[in-house]
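Every chain is named by a letter (A, B, C and D) in the order it is written, and numbering of its residues begins at 1.
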Amino acid sequence: MPWIVKNLWLIPALPMLAAGLSALAPRRYKKFSASLAIGSMIIGFLLSLCAFAHAVGQGEGGRQVCNFNWFQFGDQWLQLGWVLDPLTAVMLVMVTFVGTLIFVYSTGYMAHDENFTRFFTFLSLFAGAMLGVVIANSLLALFICWELVGLTSYLLIGFWYHKPSAAAAAKKAFITTRIGDVALLLGMVWLYSQSGTLLFYNNGAGCLEQTSLTALVAHTTSFGMAVSTGIGLLIFAGAVGKSGQVPLHVWLPDAMEGPTPVSALIHAATMVAAGVFLVARVYPLMSAGSGHSLHVVTWVGAITAIFAASIALAQNDIKRILAYSTVSQLGYMMMGLGVGGVAVGMFHLITHAFFKALLFMGAGSVIHGCHDEQDICRMGGLRKYMPITFATYAVGTLALCGFPLIVSGFWSKDEILHAARGWPISQVPFWLGVVGALFTAFYMTRQVFYVFFGDTRLHLGKTTASEQRTVDHAGVTAKEHPHDELPGHPHESPASMTMPLVVLAVCSILLGFIGTPKWPWFQKFLGAEVEGFTQDVVLLMVTSSIVVFIGMGLGWWFYGRKPMEQSEEPDPLEVLRPDIFSLLRHKYYVDEIYERSVIAFNAWFARACDWLDFWVWNGVVQLVSYFVVGISWADRFFDEFVVNLGFDEGCKGVSAGGRILSRLQNGRVQNYLRVIGIGLAVLALLMIWGCRPS
Amino acid sequence: MSPLAGYLILSAFLFAIGLAGALTRRNAIIVLIGIELMLNAANLNFIAFWRFSEHPEALTGILFVIFSIGVAAAEAAVGLALIIAIYRHYKTTNVDEMNSLKG
Amino acid sequence: MADSLDQIFVTLNHALTGLAPEAWRPLVSAVISIAGIIGVFASLFAVTTVLERKGLGRIQNRYGPNRVGPFGFLQPAADGIKALIKEDVVPRAADKVVHFLAPLMVVIPAFLVYAVLPVGRNMVLVDYDAGALFFFAVGAATELSVFMAGWSSRNKYSLLGAMRAIAQMISYEIPLILSAVTVFMVAGTLSTTKIVDAQGGYNAWGLAHWFVFTPWGFAGFVLFMIAATAETNRSPFDLPEGESEIIAGYYIEYSGFKFALFFLGEYMGLFAISGLGITLFLGGWHAPFAFLDSVPSWIWFFTKLLAIIAVFIWIRGTLPRLRMDQLMNFAWKFMLPMALINIITAAVWHFMQPGLQRWLVGAALVLGPYVLLGRGLMEGKKLEKRTYRYAE
Amino acid sequence: MNIIFAIIAAVTIAAGVAAMSLRNLVHCALAVAVAFAGLAAAYLQLGAQFVGFTQVLVYVGAVAILIVFAILLTRGAEPPQQSVLSSGWLTGIFVAVVVLGVLVYAIAKSSVLQSPVPPQPEVTVHQIGEALMNKFVLPLEVVGLLLTAALIGAVIIAMKEEGKK
């Protein structure tokens, strides 16, 4: 077995070790923990490159596994292991590379936070867990790392836990993803009970290999559904939770309460992609047999793509727009997996990781430069103050919009749309995707014009709400930027923050060319069949280019022609259609729907019961009581003079009996114990009597 | 009398002594001690049956007792913590006076 | 020749046992061994007291005992006679029975634990399969006797001293056992003789395979000896006695021979735990170098024991007493995490191939946490040279 | 039935009775420590060395100390003025005697006593470790979890409540 395959575990182990060491370090060891974390990531990146080179050398579909026994229970061994195949190799390189850049960026962004070491501890732990997810060759190992990833996500979203909104967002993220994880756990248990192994690949005996897949497809459950479909759907539910697909997407926008590098690393580039990766990993299981679970994946992805893109149209928080954009792009990836297979979805995952990390870090740079202002209405004109950020952000925007030919986003998105076009089941996902692309181009253009063009609106009009927020954040802001004495002028960020931006921007452009229809190296590497450069493809490219140009043109028409002067000005879209805009601004009221439906139902039910109790039953009781009172008045005369004596005596007897009985319930523990003791004696006697030889 | 019977009788006596203490004493700590004695009597039974079983190599009796000791340690810790908490509130460890849960 | 010298006590025991009738032989053999152990270690106690007093005296720039016998070496005899003929005072309020039993209960476990210490080749009283566990179990019983002494005296200082002692012993028992666990893991046994066997043999340079010559073993040994110092209430962990605060701790109200018994018990505990440290980490009765292998095994054991005792005396003369909070912080914030990490280190060491790589990883796993935890312990404390101001 | 067992049984039962009947709580705690030690001796007699030593380590070394601390913290070290017995102790004695009677009757009637006495089993710590790490690894994990929970729970229950005096 080659050296790199044998030692693949080092890649996740190094960041985890770094996390353990910086957890022990005292708080002021900032340089120590940062260099530990970055060093481990760089070594991890180099190792990943080795692994990647090895995987390339193996050729397409080459796969090497290394399994070992973990522990025995009963007479079965639980096995864990890791796998090196093209999927793993690609993900490893992406995660370590983007991770390294974001770690570097964080040293600048978090420089003044007093919990710097804790931040890097969590980041390293996250990186280790994520890499563990990537290399896992067992659903169990994947699940363990998956939960660790969820835990670190919780810790990092709630990193500024003294902010109530951050604490709430952290809890929301944790609980929402937990819903999906329960399904994933169920799927895992089911898979284990059906196939007897959780290893993905084990020289023909793994659960993703032909023997067990055939068995899984052959079994059907009560609804006439193949077992493989059921398991696939349960696993997909886990991916839905982690990747923020409808209807479990609600946590992702709130997760933007965390520090921006966290948003870039976890909630854009890597963790949320873990769901997509999971589906890609179990793709053989999903596609086995009828492939019904893939249809579900497609539909959920397509709906998420358009749904989140439309919400993003009306948001004003710079990170929130990007968050919804992430949700929408994740939808595209899922759709790509559903309609076109692993290569299509993964290509978009990789390109998206680069340009979305770029956008988030650019947004972080903007926020940093504007002294923790996140509302795009109160920015404007930053082009002049932050040239590097602007240039890189523009590249990221073009990539996300899918600007034709030069940027990576165009190629990967086009791939998905092309696959959707050829999907035999339905054309609706394709059209949803096209409209989603239009929306994407529009909202990104809107954001760029708001933030970078026109004149600066920073600190011009402060509403009470924003003052409120400043007060809320006062504790954080003051600690974070003690050096900013004059908060009037936006400024460019330090080199440690801009350098990663430049690197990512270059990657966002170049990366697309490894997977063009003309030279589909990436797709071949992941083992997909490639059609080549047909007329269809050209037609589709032209169509999608036109769509992107329409979207960007509309964006310019609304926002670029006449830049906003005052931050209180209504959005042009709001002037046009206030009803729809408000619907979108409030995210289709999903949070409110959950509030109104699940939570409100409980409250309503309680109130209904209360009402029923008060009016119906109470009324009945009252009626009866009046009736009884009437009778009793009549009776009284009879009683007092006729049966008085005997009745009184009877009552006394009953009450005395009650008093005796209530003595059993005198709250003294020993009395209860005594009764238990007698019970024990009786039970033992019964058993002896029952077991005697007859 | 076979050796097994001796151990079983010893265990039964310890159990009864613990039970009697738990049922008659006023102080909650002694009640807890009585319960510990009862637990130990049960452990003795496990070991005795393991020793005189036909397949002692299965080790089940020993392992059960090891787990039982672990559980008993946890029980003692939590039980005594409860007694201390109760003492702090009611200034008593008398089980006769701890009857605010009566019906 | 060397072999017969090595086994001289075993042969002697066999010869003496041979005189007894057949049925009594196991009993006689045991009695002879017990008598030997008690005799040797009790006289070691006598020697150690005088050595300690002389050593401390030298450290403190004075003479120490030098009147009774040559160089004052008969001082323990004089002390013993004094203790025996002194009046035995029992406070009127004391709980007489418990007060009487406590010193016995201190001494008995202290002697019992010697049963599993291999003091030389084939020289162990009982070779339990769970010998080390026996040691810790019986050692834990001393805590109760300390409480008996402190509580039965009906003296607030003695009760405080007992409580301090118990709190300290419980806190340090955890790192003590955890640091020993590394040895049990690597040797794969709880039997003291097998642990010593596992450290037999020499490497290419003639150095013995003692566990202390590994990163985890070194860390474990240091942790073990620190915890042992605390377990035996030696300075700098002698707070339970703390004469400046609580007079003499749990044995204030003891006098005469009972006091001497406490003294005896304390030193017996010290020897026993040092002996366990030797067994676990310093190769038991094995010689350190291959060319010294012909020296009898029991000489090695007692040489190591005396060396450790010398270190104890040195430490007692050098370090000031800790404060209670420092003591507890040290136990829970440094010793416990270190011992836990050391277990991981031992596991990593065990599963790695021999070679330089193993040494590097092991050393990193020991030194990294040591530096970080040590820095963490000093966090927020100004540790500068103390400045003294005198009345002028 | 040999003399060693008779001594162990007598000491254990006497210590048990003392633990349940002495007036002074500290004496009770010390007596119960003796009873625990007697049980450990019984385990050794039965060839369960590891369990015997564990019994001493856990019960004499830890639980007895814990009990003693609890007694001192609840000011139970002085013998009480009034009766040590709770109300209705006669029923308690009666129940205990009934349980004892039933148990002894059950033991006397039992058929397992007729089976032959097998030789002393040899069990090493190594075997116990193997079993704990392989066959019984799940219970071991559960007990570990339970102990952690009990640790935290005990600390929280016994902790002084903040703000209250």
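Everything below uses one rule, namely that contacts are C-beta pairs under 8 Å (C-beta built on N, C-alpha and C of every residue); 3 or more make two chains touch, one makes a residue touch a chain.
In this text, all values refer to a predicted model and were calculated from it rather than measured experimentally.
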Smallest number of contact steps required from chain A to reach chain C: 1
Comparison of A-D and C-D by number of C-beta pairs in contact, larger one: C-D
Centre-most chain, if every chain is reduced to its averaged C-alpha atoms: A
Chain B-chain C separation of Cα centroids, rounded to whole Å: 34
Length of the line joining the C-alpha centres of chain A and chain D, rounded to whole Å: 50
For chain C paired with chain D, centre-to-centre distance based on mean C-alpha positions, whole Å: 29
Rounded Å distance, chain B centre to chain D centre (Cα mean): 5
Touching two or more other chains - residue numbers and ranges from chain A: 668, 670, 674, 677
Contacts with 2+ other chains: residues of chain D: 50, 54, 62, 69, 86-87, 91-92, 95-96, 99, 103
Every chain pair meeting the contact rule: A-B, A-C, A-D, B-D, C-D
Footprint of chain B on chain D - complex, ascending: 1, 5, 9, 12-13, 16-17, 19-21, 25, 28-29, 32, 35-36, 39, 42-43, 46-48, 50-51, 54-55, 58-59, 62-63, 66-67, 69-71, 73-74, 76, 80, 83-87, 89, 91-93, 95-97, 99-100, 103-104, 107-108, 110, 112-113, 115, 117-118, 120-121, 123, 127-128, 131-132, 136, 139-140, 143, 146-147, 149-151, 153-155, 157-158, 160
Residues of chain C that touch chain D when the two form their complex: 95, 98, 128-130, 133-134, 136-138, 140-141, 143-144, 147-148, 151, 163, 166, 170, 173, 188-191
Of chain C, residues touching chain A in the complex: 337, 368-369, 372-373, 375-376, 379
Complex contact set, residues of chain A against chain D: 71-74, 668, 670-671, 674, 677-678, 680-681, 684-685, 687-688, 692-693
Interfacial residue positions of chain D with respect to chain C in the complex: 24, 26-27, 30, 33, 37, 49-50, 53-54, 56-57, 60-62, 64-65, 68-69, 72, 77, 124-126
